[in-house]
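Structure provided below as structure tokens; questions to follow.
Chain naming follows the written order as A, B, C and D, and within any one chain the residues start at number 1.
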Amino acid sequence: MTLAISMAEPRSRIAARGRWRWPETVFWLALAACYVIFPGHLQLLAQVMIAGLFALSLDLLLGFCGIASMGHAAFFGIGAYAAARLALAGWSEPLTGLVFAGAVAGLCGFACSFLIGRLRSIALLMVTMAIGLLLHEAANRLTWLTGGDDGLSGYDVAPVLGLFRFDLYGRTAFLYCLGVGFLVFLALRRFVHSPFGLGLEALRENERRVPALGIAVQRQVAVVFTLSAVVAGIAGGLLAQVTQSVALEVLSFERSAGVLIMLVLGGAGHLYGALIGAAVFIVARDVLSGLDPVYWYFWLGLILAAVVLIGRGGLLGLARRLPGRFR
Amino acid sequence: MTAVLATRDLRRSFGALEVTAGVDLALLPGARHALIGPNGAGKSTLINLLTGALRPSAGRVVLAGQDVTDLPVAARVARGLSRTFQINTLFPRLTPLEAVLVAVCRRTGALARPLRRLAGCTAEIDEAHDLVARFGLEAVCDRPTGELAYGQQRLLEIALALAARPRVLLLDEPAAGVPARESAILMSAIAGLPRDVAVLFIEHDMELVFRFAERITVLVAGRILREGTPDEIAGDPEVRRVYLGEDDE
Amino acid sequence: MTADLLIVDRLRAGYGAAVVLDELSFRMRPGEALAVLGRNGVGKSTLLRCLMGQVRVHDGSVRLGQAEIARVAPQARVRAGLAFVPQEREIFRSLTVDEHLTFAARPGPWTRDSVYGLFPRLRERRRNTGTQLSGGEQQMLAIARALTLNPSLLLLDEPLEGLAPIVVREVGDCIRRLVAETGQAVILVEQHVRFALRLTANALVLDRGRAIHHGPSADLLADRPLLDRLVGLRREAAASVDTETLPCSIKTATTA
Amino acid sequence: MIAELAELGFNGLAYGIVLFFMACGLSITMGLMGFANLAHGATAMLGGYVLVVAMRDLGLPFLASLPAAFAVAAIAGALFEMTICRRLHAAGELDQVLLTIGVVFMAIASATFGFGAGQQAIVMPGYLTGRVAFGPIEVSAYRLFLLALGAAITIGLVTALERSRLGVRIRAAVDNRAMTTACGIDVGRLFTVVFALGSGLGGLGGALSVNLVGLDPSFPLKYLVFIMIVVTVGGFGSMTGTLVAALLLGLADVACKYFLPEAGAFAIFAVTAVVLYWRPQGLFGRLA
């Protein structure tokens, strides 16, 4: 009988992969507590949540599927413009606005997935970069749609749930971003701990072997790419609603590179790595570019080089290595 | 008895070179069939044509009565044709249990439902665990595959292929690279493959071939030179000539 | 007494974690020609690739002359005196014949012109690029390229593989002259067993990465039954593994 | 009309030549080692600033400043290769891309710190400022100079690659790296030399482009895209491919700006995406 118990162990461990653990509760409570602890920085904290959501969307691709994208801002930007255009058209309810932003970005992601599914390594990086630049350039030219260099602004966003008006201090903005971020996070968490999510990890580990298990890779890629684009679109939509303006910068290469940095900084493939990386990145940018915007670029480059040369696995990987293995 | 896997005049060219030049192969249910031949005989190409990794220039592949010539790899696996690989191509950071679980979930359809929880797939987890244990891997089943011994990885290759519950199993050099001290367990694993699965194996190790094969096909220059029982093949002067390389005399 | 040219001692090697050579040991004298025989997949080509540094060495040592080379980069092995003619020939597609014979040449008796003396056919094609040559010419070029490195030991991996019979004779002749007339030490991996045995002084037979026979080629050539048993196709005595040794779990799987 | 078209084509070719200088070193290093060096644009920018400093602060003549740009960029490239790139040869493309983007960002910040965010002005020598007339066609002297220098260097480069022992070794290593090593050649050291040469050429390209497209700290990011397009479309390791792709891109860009000013760079990116989708290995590239 003892044999049966010891044999059951790996089984229960695999079933427990998706179980909610206490450090997660601490993490989210700490985030929520920021509302009280840093009342003067709520706008910045809202930016952290938005960036975290965006990094989560890339984590789905890179961390769980092994698909690197150098143009992920495309979907972020599409979501932002979609939300802003909807608001400009007179529909100011924010939650449906987010759904719309996610849906538009998701459609574009679905279309792109057919292009992406074929490509690997350098070609993949180059094509995603080209798509990002393409969109940036298109948005720059299509002034009737995007406002070009001036961007879109001057639209109203209705109170969240009809109750909470967006205020100058970012109270509503932070809570709104935190709430949306938490819900999306829960959904993604559920997704990556499903059998489908496990199949994605197999895809990341050995893309050529997956068809021999009977799995259609193109379908996997289409699902994930679409979902990732939806999440990126929601993040973009949040930005458009919270700041009540959209600038061309949402589609910039710097934003695509930035989200990649957040992810490798925090540690890809863990969900929490994306959030932590985003927080560190946004706060560091705020502090360092407060000193001098020119220096920020220098620090950014240095962070990147350091992550690649010494910090394998990002901050989360570092935290795991320090006390040995605890899992 | 009708063949579970059959090819009809299968051909494949690379440029001007015809690597597979009209192969007719038939595998009966439960067969133990070995495919041998000198280097460059086109064995790997034939396997790739059978699994769908390559498309034939001409000819058909029929699996359990259905023409699968135009189906991609994954669809053939779903219809009962699994394979192992010559060199371990596993999932280094997944555990053996996780890897087999993916394959089992694919078969049961759980993989297609992103809203299902892994914790809810107890039937699949139990089945994956049984399969892993059957190959003597229970002690290492939740360690990353990349940390396993080579022989254990070869066993996992076979377990992964069996997780699809295939009708036909293609073993591509199952013993390649396994050190002598680990080979006994592999041999017994091959001997213990379910009898209702037809097995086609490509192998250089003649000991393995003559121990397990009930029929042997000799492939030379993309064509079938001989097919017969192990005794017939071992005694065939033509086959001996090819294997001793005496054609230059 | 002259020192050994090559000493391979308990060599274990393979691709990644796979073991292809298992505790392999043998020696060669300067100027010796050694045939490496065995069935497909026993590790013959891997042995040459391992000597050349293209396969991971797990354990053991390789001494060439005075140098221990088991763990140094391939280019250092060339400096120590190795040259390699790979099975796939691996001719450079954008280099001409002339360039193949000069770009990496090392000082010694073999020069571009003396190599042309051995392979007159190549001199006629000296301005052609690698891809414009026939299979036999590519094989000659691969050998010629290796010779310009002036090796103390030349590694030939199935030089007759995939050649038309008439070309086999021509390339075979060149190798024969190389070994017999110039005293070049070679390790020859070849599926044409009798050709290899007639050409070489000694033969090493591998099975599953281990040496199962090492002795004069002439003896092996004369002993037909032994040769058949070592490299031919034969029915194994299948008694070494019986069902009693199977793990119970696998046996139950059979009935499940 | 014909004169206009001819001048347009002429300008496109001159622009293409500059792109070729900036891209050809990267193409060889990509083909040789598969090293994705996105910082190549930063090397080109370095060449540009060296030219500016040499001419404006040191008072060197234009023609003497060009070799200086080449030399400084080549030395910087060699140092970068020996200290940092070497550790990343075995790493994945993503790591290489991230690290070199990091270098780009640091270069941008450093350039802004040292020279300010504005455009750099240089005074060109008189013989390169005017216009030259060929019958009805009138072209700028500087572009004519670019084309002549470009043709000379391209021919020199191709000849060197064809004739010199180093060139033959580079071609061999691009064809088959393992076999080149098995012929006794240290491909790692070869790579350092090629990297330095490529960086030098990039620096020269950057120096030549100052008077053509201007120079400010955003240069590496702005031209990164064009360089990568040239290299990927032309195919890694193919000199001919890089040249053709660079000239095509130069022509296309100039034509686009003239005929379709609204579309801007859009058309070029679109064509690139299509080409890469159709042939991921590039127009002249081979599948690895």
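As a convention for this text, a contact is a pair of C-beta atoms (placed from the backbone, for glycine too) under 8 Å apart; a residue touches a chain by one contact, two chains touch by 3 or more.
Keep in mind that what you see is a predicted model, and the values were worked out from it rather than measured.
A.B. asks: Can you give the shortest number of steps from chain C to chain D, where adjacent chains in the path must touch?
C.D. replies: Contact-graph shortest path, chain C to chain D, evaluates to 1.
A.B. asks: Which chain has its C-alpha centroid farthest away from the centroid of chain B?
C.D. replies: It is D.
A.B. asks: Take the average of all CA coordinates in chain B, do the same for chain D, and state the distance between these two points in whole angstrom.
C.D. replies: 50
A.B. asks: Could you tell me the distance, in whole angstrom, between the mean C-alpha positions of chain A and chain C?
C.D. replies: 54
A.B. asks: Using mean C-alpha positions as chain centres, tell me how far chain A is from chain D in Å, no decimals.
C.D. replies: 34
A.B. asks: Can you work out the whole-Å distance between the CA centroids of chain A and chain B?
C.D. replies: Each chain reduced to its C-alpha mean, chain A and chain B end up 41 Å apart.
A.B. asks: Every pair of chains that touch: which are they?
C.D. replies: The set of touching chain pairs is A-B, A-D, B-C, C-D.
A.B. asks: Looking at the complex, which residues from chain D come into contact with chain C?
C.D. replies: Touch list, chain D to chain C: 165, 168-169, 171-172, 174-176, 178-187.
A.B. asks: Using the touch rule from the top, collect the residues of chain D that touch chain A in their complex.
C.D. replies: Interface residues on chain D, with respect to chain A: 30, 34, 36, 84, 87-88, 91, 93-95, 97-99, 101-110, 112-113, 117, 221, 225, 228-229, 232, 262-266, 269-270, 272-273, 276-277, 280-281.
A.B. asks: Quick one: in the complex, what on chain C touches chain D?
C.D. replies: Residues in contact with chain D: 52-54, 73-75, 78-79, 84, 86, 90, 92-95, 99, 102-104, 106, 145, 149.
A.B. asks: Please name which positions on chain B make contact with chain A in the complex.
C.D. replies: Answer in residue numbers: 51, 72-75, 77-78, 82-83, 85, 89-95, 97-99, 101-103, 105-107, 110-119, 121-122, 124-126, 129, 133, 138, 141-142, 160-161, 163-164.
A.B. asks: Can you tell me which positions in chain A touch chain B when the two form their complex?
C.D. replies: Against chain B, the touching part of chain A is residues 7, 9-11, 13-19, 190-191, 193-199, 201-202, 205-206, 208-209, 211-217, 223.
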